[in-house]
Amino acid sequence: MNAAKPRPQKQKSLAKRLMNVIKPANSLNRSVGGDIVLLIVMLVFATFSAYPMVFIISNAFKPFNELFIFPPQLFVRNPTLDNFIDLINLMADSWIPLTRYVFNTLLITVVGTVGHVVLASMAAYPLAKHTFKGSEALSKIIVYSLMFNASVTAIPGYVIMTRLGLIDTYLAIILPAFAFSLGLYLMKNFMVQIPTVYIESAYIDGGNHFQIFWKIVMPLVKPAWLTLTILSFQALWGATGGQYIYDESLKPLSYALSQIAGGGIGRTGVVAAISLFMMTVPVIIFVLSQASIIQTMAHSGIKE
Amino acid sequence: MWVGSGRDQANIIRRLIDESFTPEKNINVRLQLVPESVLLPATFTGKGPDVMMGVGNTTPVNYAMRNAVHDLSTFPDFDVVMSQFKESAILPYRFEGGVYAMPEQHIFPVLFYREDILKEIGVIPADADEAFWQEFTWDDVIDMIPELQRLNLEFYLPIDIVEQQLGGIIPPNLIYVSLLYQQGGSLYTEDGSRTLLQERKAIDTFKMWTDFYTNYRFTIAANFANRFRTGEMPIGIAYYTMYNMLSVFAPEISGQWKFTVIPGTLQADGSVDHTTPATGIGTIILNQSKNKQAAWEYLKWWGSEETQVQFGREMEGIMGAAARYPTANVGALEKLPWPSRDIRVLLEQWDAVRGIPEVPGSYITGRYMDNALRMVVNTGVNPRETLYRYAELINDEIKNKRKEFGLE
Amino acid sequence: MQLSHDKPSREQKRLARKIEFHKNKELYVLMFPYFSLFFVFTVLPVAVSLVLAFTYFNVLEMPTWAGWENYRKLFFEDDVFMVAIKNTVLFAVVTGPIGYFAAFLFAWFVNELKPKIRAVMTLIFYAPSISGGAYIIWRLLFSGDMYGYLNAFLINLGITTEPIQWLQNPTYIPIIIILVQLWMSLGVSFLAFVAGLQSVDRTLYEAAAVDGIKNRWQELWFITLPSMKPQLMFSAVIQITSSLAISEVAMQVAGFPSVENAGHTIVTHLIYHGSIAFELGYASAIATLLFFVMLGSNLLVQKMLRRVGT
């Protein structure tokens, strides 16, 4: 499709000019009316989506006499930093130092993410590009076992954890994290698109699958495992491990913070500050990574 | 030892244990902050605690039915220890002759009112004092309504809203039960084998209660704290912990409101009965514990007046009046920083509290009663028939549960 | 690897099989860590649950064998379950297909936008899953309180004088749940579709234009959709699973338990028996039943999707 030839400056309708701001000039033709309807719908959605986030942000700065107002006010009238100060005092005063919780979270997140990305990729590669005895069956088992309702399997899962002696250890969060299904799906879907010739020629050249996996396949699917790293990190950041971890010194930050809410209405302000904090980290990462992921996607084309 | 509440509580308890329990009794305690939801699977696999603090009122009997908690009445000094609490607090923990938890918190409703507004508009006399409220009955409430509504003001009667219904269990509505108890009625038979909701008294009370909403146009869903603060609802019934909320949320009206006993019902002998139900939190000893005697020592220490007072004071020291502790220990409550007038009122209402028993299947009671209320309010059907029908369903469920546990 | 041109002898066949296994041995090694963990933490609990469905288990005492009793009760005595099925089917049939197509539609539209705007829009759609507070808005909107957004709106306009108890009225609850579910279901499917649309090779479009494809519907059916088959399948699986498993929305919007069970779905029924009523055996039976229903519908939909682009 050829780009539109530069035109003499005519009076384009407002609608068309609006459309040009948000759409590339050479996109497919479609009715402007339909586009505007869709745009309006999108804006409505955007408002709805943004609402909770705005609330979380403004709640964190509300003083007590505004926190319980009903219906809740979207914007804070007398912003204060008290909630954050209280939070810092609360955590500083703690019997287990704050750094310990942060360490726990970092440990779980980093080990979990790295392990997940590597293990899931390793498992995705054979499924994506090879057929062998049991590959069909394996794929089916994966998809199906995830359909089974989680709240029912929670208790058997707990019993299994106990029998394995994993209760009250980091591994109780990390090991299941290695086996998240998200990674498998993501990596497999990406790997499927790699032209088989690469693999075959490498194999004929005498490489084994380990080398093929590490030196050829993984670099090619970089956007995928970058994305997976981000998503995995986000999931683990919020993971509390509440079912399995009791020892205070093993608790990740998210769990320790969430238990502050149990202090009653006196802690409502602090809880609001915590919500803001817990939300901000994944959002920042998401925003930063969006740019780099799109970059990587644009540049690492899979060329014939 | 698990506590299911929050970080602040755990910190304080830990300190108290280190300072006074362990040195005195020479028993080591490992305290962990774990939510109540984990208790179930943990107990099953044997990884559970000896003692769990901060359990809701439905848990002890539920666990007792399944042989998972220890009957505290088997301890020799049980009677002495329990005399620190009101019978109404202990009642929800009774099952088949045993007592399966020790009360920790005991929360009951009182009547909050904006003295400034009510006196200004003249619905209560300018010299209204405690004696006035003692004689205040539900008939007086009804008399007050036209005057209030003329000025677009309202009387608040609590009904649970959606946000509070996520736990899967709805308790029976506290206004209904108050009315029922004041009429001398009961929710269940003595042995807990079926409900008495099909009795005349229960049905009439239901009509009286739903009439507030259908005839007198009371508001069904309202945020009382907010409306009390603005003055739209200058009078209403709420658990006395609303005091905590009002202290932080509405400090600007702090001198202008009070609380008192809830409206009562005139009895045959001329006295006014202010009975009301309550809710609470308890502490249990798990059956799988191998240190039951030590656990009992802990319970005794934790429930003692001294410890409860210390705990309450420390909570309040950190978070102010927002954290005023509704302890179940009568002696302890008196020593918390309540103004003397307030304490008198609390003790007075406390005397008139009557517990709600927990029986197998009782989780269904509040739920069907809520359904009955909604049906009447949403569609205007006959309240008497509606309650009668739902009472049938409740009885069926109770019978099923009793069969399941071999009680039928 | 030597290939002879005659029919392979038995010796050669055995050698070929050995080489096959050897070559595959590496693949098996690659897969082993992940799958052993997956097996232990995901498959095994499912297997245990399938067995538990045949027991009576109150989680505080050891399970006792109950045979088909749970299933018998489920089918013949459980009236509430029938209500749950009715609700679930209603919610799933309405929100499943509509949600699926809506996600695709929005992804298609967003795909046409300039990259910067696209990134913003994606963030906006993704936001609810991070902030997690979405239900508050809905509860405020439909609050039975006079100050709830919808009620306040109606009262101010004079359309009604009393606040309506939207979320406590069995007449309104199903519609509201459907509405909220549709809105919430855009999440994962939307992102998958956006990614899929992005990865469709542009050259295919150009070739198609040359080949005579005129309008965008033809382009959609013959080019876009077939290239996206994996994503379509994936999203369909997700959609079906989540539609049949509607529970979170129902509980957050209508409460748990909901009035007259108007918001009761198969999964909330399961949760109820599993955690409130201490009947995990029964809950497992419900989960097993649901599982097979999901399996069936998935196979059905996959058959349909295979025909896309033809």
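Letters A, B and C mark the chains in the order given here, with residues in each chain numbered from 1 onward.
In this text, contacts are C-beta pairs under 8 Å (C-beta built on N, C-alpha and C of every residue); 3 or more make two chains touch, one makes a residue touch a chain.
A quick note: this is a predicted structure, and the numbers were derived from the prediction, not measured.
K.L.:
Go through A-C and B-C and name the pair with more C-beta contacts between its chains.
P.N.:
Answer by contact count: A-C.
K.L.:
If every chain is reduced to the average of its C-alpha atoms, which one ends up farthest from chain C?
P.N.:
Farthest chain from chain C, going by C-alpha centroids: B.
K.L.:
CA centre of chain B versus CA centre of chain C: separation in Å?
P.N.:
Once rounded, the distance between the two centres reads 40 Å.
K.L.:
Just the number, please: Cα centre separation of chain A and chain C in whole Å.
P.N.:
Taking the mean C-alpha position of each chain, the two centres sit 18 Å apart.
K.L.:
Can you tell me which residues of chain B touch two or more of the remaining chains?
P.N.:
40-41, 44, 223
K.L.:
Counting only residues that touch at least two other chains, what does the list for chain A look like?
P.N.:
Residue numbers touching two or more other chains: 70, 154-155, 159.
K.L.:
At least two other chains touched by the same residue of chain C: list those residues.
P.N.:
Residue numbers touching two or more other chains: 59, 143, 145, 147-148, 271, 275.
K.L.:
Within their complex, state which residues of chain A touch chain C.
P.N.:
Touching chain C from chain A are residues 1, 22-24, 27-28, 30, 35, 38, 42, 45-46, 48-53, 55-56, 70-72, 119-120, 122-123, 125-127, 130, 132-133, 138, 141-149, 151-157, 159-160, 164, 175-176, 178-179, 181, 184-185, 189, 192-193, 208-210, 213, 234, 275, 279, 282-283, 286-287, 290-291, 294, 297.
K.L.:
Which residues, counting only chain B, touch chain C once they are in their complex?
P.N.:
Checking each residue of chain B against chain C gives 37, 40-41, 43-44, 62-63, 66-68, 161-163, 165-170, 217, 219-223, 363, 367, 370-371, 374-375, 377-378.
K.L.:
Chain A touches which residues of chain C in the complex?
P.N.:
By the definition above, chain C touches chain A via 20, 23-24, 26-31, 33-35, 37-38, 40-46, 48-49, 52, 59, 106, 109-110, 112-115, 117, 119, 121-128, 130-134, 136-137, 140, 143, 145, 147-149, 152, 183, 186, 198-199, 205-206, 209, 216, 219, 230-231, 234, 237, 241, 245, 267, 270-271, 274-275, 280, 283-284, 286-287, 290-291, 294-295, 298.
K.L.:
Give every residue of chain A touching chain B within the complex, in rising order.
P.N.:
Interface residues on chain A, with respect to chain B: 64-65, 67-70, 90, 93-95, 154-155, 158-159, 162, 167, 242-243, 246-248, 256, 259-267.
K.L.:
Which residues of chain C touch chain B in the complex?
P.N.:
58-61, 139, 143-148, 162-163, 165, 167-171, 251-260, 271-272, 275-278
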